[in-house]
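I've put the structures underneath this note.
Below, subunit A partners subunit B and then partners subunit C, in two separate complexes.
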Partner chain A sequence: MDGSNDLQKVAYYPGCALEGTGHAYNRSTKAVGKSLGLELVELENWNCCGAMEVKNVDPKVQTYLSARNLSIAEDMGFDKVMAPCNGCYHNLKKAEYDLANDPKSVEVNERISAKAGHDAYKPGKVETIHALDWIKKAVGEEELEKRVKNSLKGIKVANYYGCMYTRPRHIFPEKDKGPGSESTAKPHFMDDILAAAGAENVEFPLKTACCGGAHSLSDSDMSTKLVLNIIETAEACGAEVIATECPTCHTGLEMHQVRAEKVLGRKTNVKILYFTQLLGMALGLSASKVGVQENLSDSRAFLKEKGLG
Partner chain B sequence: MTLQAPLDLDGAIALADAVAASAASDAAPLDSAKQLLGAGEVVLEAWVEAAGNVPTEEEVEGYRLLALHRQGAKGNPSFNACRETCRELVYLRNVVEMSLSEGDLAQARHHLMLEAHVLRHLGLFVGGKLHESGLGDFCCSSRPLHSADSTITN
Partner chain C sequence: MPIHEKSLIRKENLVENENLVIDGVDVSGHWSTFITGRSLTDYNDDMQDEIAALPGGENIHRCWQCGSCTNACTVNAVNPEFNPRYWIYLIRLGMEEELLRDKDIIWQCVSCNKCTYACPRDVVPEGVMKATAHWLELKGHTPKSPSTEFDEEFSGQVIKTGKIEESRVIMNFFRRTEQPLAQPWLVALIKGLAFRFPVFYLMRMGMAVVRRPRTRNWAKSRRAINEYVQEVEAANRAAVGAKGGH
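For the complex of A and B:
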């Protein structure tokens, strides 16, 4: 990415989660984009990226499912598609990598595409970006600072990126390229964006640690313990808010925060908010406009106290 | 803090809990920080041994913990989900030492507490992976229960 104007209008792949439990992320992402003068054009007739379920059954079919979304973006005339969900972002990136490097993936993609009656996606046509890339590169911190109406000053934030935003490193060739690029070891794009909005980011050593999302159904207790540790660590770092950028991580943190209190008797107070909700309120949008009322973690009183929403 | 070196994964988590609770008044933060790093090695040894391998004594970038992680992730890329957790453990141990060298006991204790939280996460993550892979203590998802020739009614 070069930070040029081609990011002002990008294809938008919300993915399944943003139509369900992550609806507040969908709402706040669109609201922030609009507020910043950026345009999102949703992919027509998009499908599931394959998530974890299809990947476990047949990873090549998952590659096809993600590739089909890239193909739709290309057909709509876009060379960039923005996926705010870490799982979708990861899977589209992985499909791009596999189609460029794995002949078997190419073969399966061509076969299923032919059966489905559309051209098979060829790698290199569409770049997948995350919501963090989009806002940081299309607007940048300097411009964000100018647009802030309600500074997040005084709000201590632990930025939690989850484990899929940076892994595996080889599917993210644009990261770790020095100044200006994202780091896979210590990601900072969310920190940069929220700092520009006035937030005080705390040192947080579990930024990319596993939240046990994949364990949620098979071993809920393990997920609860992992999430509780993330939340308690954030609190130990002085955070009042954990900012998220993935609907799966976000829901996991919220759900297991409640469960930790019920099952383990461990109450925590940190609020869990999408970074787009924090940014949106800093840009002057109301709490309801960015979907705060849709979160499980009720932060309305806290936000009011901080002069937001 | 003077504690016995943990002998297993559960002991490592117990050590993390104990250090996290007492870090604010720890009289010898560097000793505790080193113990936590050693406990991290115990956690990764459990993973390597469960896979039928002998834990390496080698070092990567000067730390056995990182060599053990590399060994544990070989052929199992999902284990890279704790790569940065291991690196944070090393980093925080070094920050404790650096803070003490600068005479900042409060910072040393704060980072010792963070190191304990990170070790706890590593212990929980690896414990979860052991169960998920059917390599750890018996649980409802352990492999033998679901294998073709072993049913719950056998």
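For the complex of A and C:
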């Protein structure tokens, strides 16, 4: 049993997307952690969180899936698990909330866990944090500013958080607690981190708009309209880059940026990068170390022009 | 007097006489606009209870029709016909025929949860939308939506192996919904990637096919989840009075 109670060493839950289309986020998150001297220990033998799909078959199956992951973190001796994917992060938080407040969820989790042959997770044992919480709280802006080698100065960024980082608010009891805490109406942790790295954040009203990620393929026309609105608004706000912190949002923006051009004839130029990619390059890592080559959209020329990577 | 709220009334319920004189007064054209009266008798008294019995629909009775959900709704901003507040109203009154007019768009809820965030009564309109779409399918009013096909494909893989593999979900989804995989935009996307990093991507794709991601020692979890899901599905069918498999 190893583990730790502070943020220098936390349990890491990458989830399925970070092993597939979101691999650049996985790579850049690990690279940033290493560069900042933070240790990530991957959950042993984790399972999928159910994303946005399993809950539509039955929400309590999703509760079990996340509860199993939380109990793995507990067994490994951790009291914090960090999930960079909004879907994973949201579902772990939701399971924590439901197990503390809904007796039926507790009953189903206990029943499936018993049959699966492991202890049922009890709420209050493991705190789920996002990659944004992790960097902001383990390092903080002051320290980040000192560590920046390659400032993002002059890069105009729209910070895009999506849906699952802030909604529904009742599953995030630590948010909206005044100065220092994250806001569900106007989140700012990513803005804070990238500002410390030198970026020029633009005023962007669609921080928590929806990209239609749940129906990215099953209702593509809707998703394309929603994404195009986000991208065109970011451009109208003067952004050159949309910074993301969720693999579903990120891939959705990239895919439907191409689809908007092919299907609707609307071409846009804003670049889409994970915040960990931007932060990593600011910390002096190369573009390939933060997985820029793994993004669907090609931002290499732009980064070169800005003297990054 | 012209009716200013004409846009709120269905065209077929508006009657206008081109030439009409009543008691010597010329009321031709919009001066004679009437809304045809109608009386409703076919209320479905069970509809609210049936939808409330499905996962997500539990709190529908709490709604007091403030409209915060529709005001906050992502899909409503794209398509004004998508109106959660109105559908909750219809369900609570049992106006099934009216609800069925919109049966083909209710599944389009993107689960952004802006409604749940805005709702002052904890109705969880997002859940109600999912329960309603589910109800429409169980009752046979609509075929399985593309969203349901995707959910089932995705969940099936999770339950089977503990993890998903994205390209497999995508391929099987296109097959299920009988769409060609070679969507022009998807082709453009993959071509762009393959052109930039051919070796890297071929290796990754090859790896995913050979080495399918899975959670170890998952068999017992799979059995336990399957058993539970079968129970829930039977209970859902019973709650809406549907017969047989779905």
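Following the convention adopted for this analysis, the second predicted complex is superposed on the first by the 304 of 309 C-alpha atoms of A that agree within 3 Å, B and C clash if a C-alpha of one lies under 4 Å from a C-alpha of the other, contacts with A are read in each partner's own complex, and residues count from 1 in each chain.
One rule holds in what follows: a residue touches a chain if its C-beta (ideal position, glycine included) is under 8 Å from a C-beta of that chain, and two chains touch if they have at least 3 such contacts.
Please read all numbers here as calculations on a predicted model, not as lab measurements.
*Asks:* Look at where subunit B and subunit C land on subunit A after superposing the complexes, then choose clash or fit.
*Replies:* Clash: subunit B and subunit C overlap once superposed on subunit A.
*Asks:* Touch check for A:76: first (subunit B), second (subunit C), both, or neither?
*Replies:* neither
*Asks:* Between subunit B (first) and subunit C (second), which does A:163 come into contact with in this model arrangement: first, second, both, or neither?
*Replies:* Both partners, subunit B and subunit C.
*Asks:* Scan A:226 for contacts with subunit B and subunit C and give back first, second, both or neither.
*Replies:* The answer is both, since A:226 touches subunit B and subunit C.
*Asks:* Regarding the shared-chain residue A:41, is it in contact with subunit B (first), subunit C (second), both, or neither?
*Replies:* A:41 contacts neither subunit B nor subunit C.
*Asks:* In the superposed arrangement, which partner chain does A:148 touch: subunit B (first), subunit C (second), both, or neither?
*Replies:* Neither partner.
*Asks:* Look at the residues of subunit A and decide whether subunit B or subunit C touches more of them.
*Replies:* In the superposed model, C touches more residues of subunit A.
*Asks:* Between subunit B and subunit C, whom does A:209 touch in the aligned arrangement: first, second, both, or neither?
*Replies:* After superposition on chain A, A:209 lies in contact with both partners, subunit B and subunit C.
*Asks:* Of the partners subunit B and subunit C, which touch A:236 in the superposed model: first, second, both, neither?
*Replies:* So A:236 only meets subunit B here.
*Asks:* Using the superposition described at the top, list the residues of subunit A that contact subunit B and also contact subunit C.
*Replies:* 163, 167-168, 209-210, 212, 215, 218-219, 222, 225-226
*Asks:* Report the residues of subunit A in contact with subunit B in the complex, numbered from low to high.
*Replies:* Within the complex, subunit A touches subunit B at residues 163, 167-168, 185-186, 203, 205-210, 212, 215, 218-219, 222, 225-226, 229-230, 232-233, 236-237.
*Asks:* Taking the touch rule as given, give the residues of subunit A at its contact with subunit C in the complex, in rising order.
*Replies:* 16-17, 19-21, 45-48, 50-61, 64-65, 68, 108, 111-112, 115-117, 163-164, 166-169, 184, 209-210, 212-215, 217-219, 222-223, 225-226, 254-255, 258-259, 262-263, 293, 296, 298
*Asks:* Per the contact definition, I'd like the list of subunit B residues that touch subunit A in the complex.
*Replies:* So the residues of subunit B touching subunit A come out as 20, 77, 80-82, 84-85, 87-88, 91-92, 113-114, 117-118, 120-121, 124-125, 127-128, 131-132, 139, 141.
*Asks:* Where on subunit C is subunit A touching in the complex?
*Replies:* So the residues of subunit C in touch with subunit A come to 55-56, 74-75, 78, 108, 110-114, 116-117, 124, 130, 134, 145-152, 154-155, 158-159, 162-167, 170, 173-174, 177, 184-185, 188-189, 192-193, 196-197, 200, 208, 213, 215-218, 220-221, 223-225, 227-229, 232.
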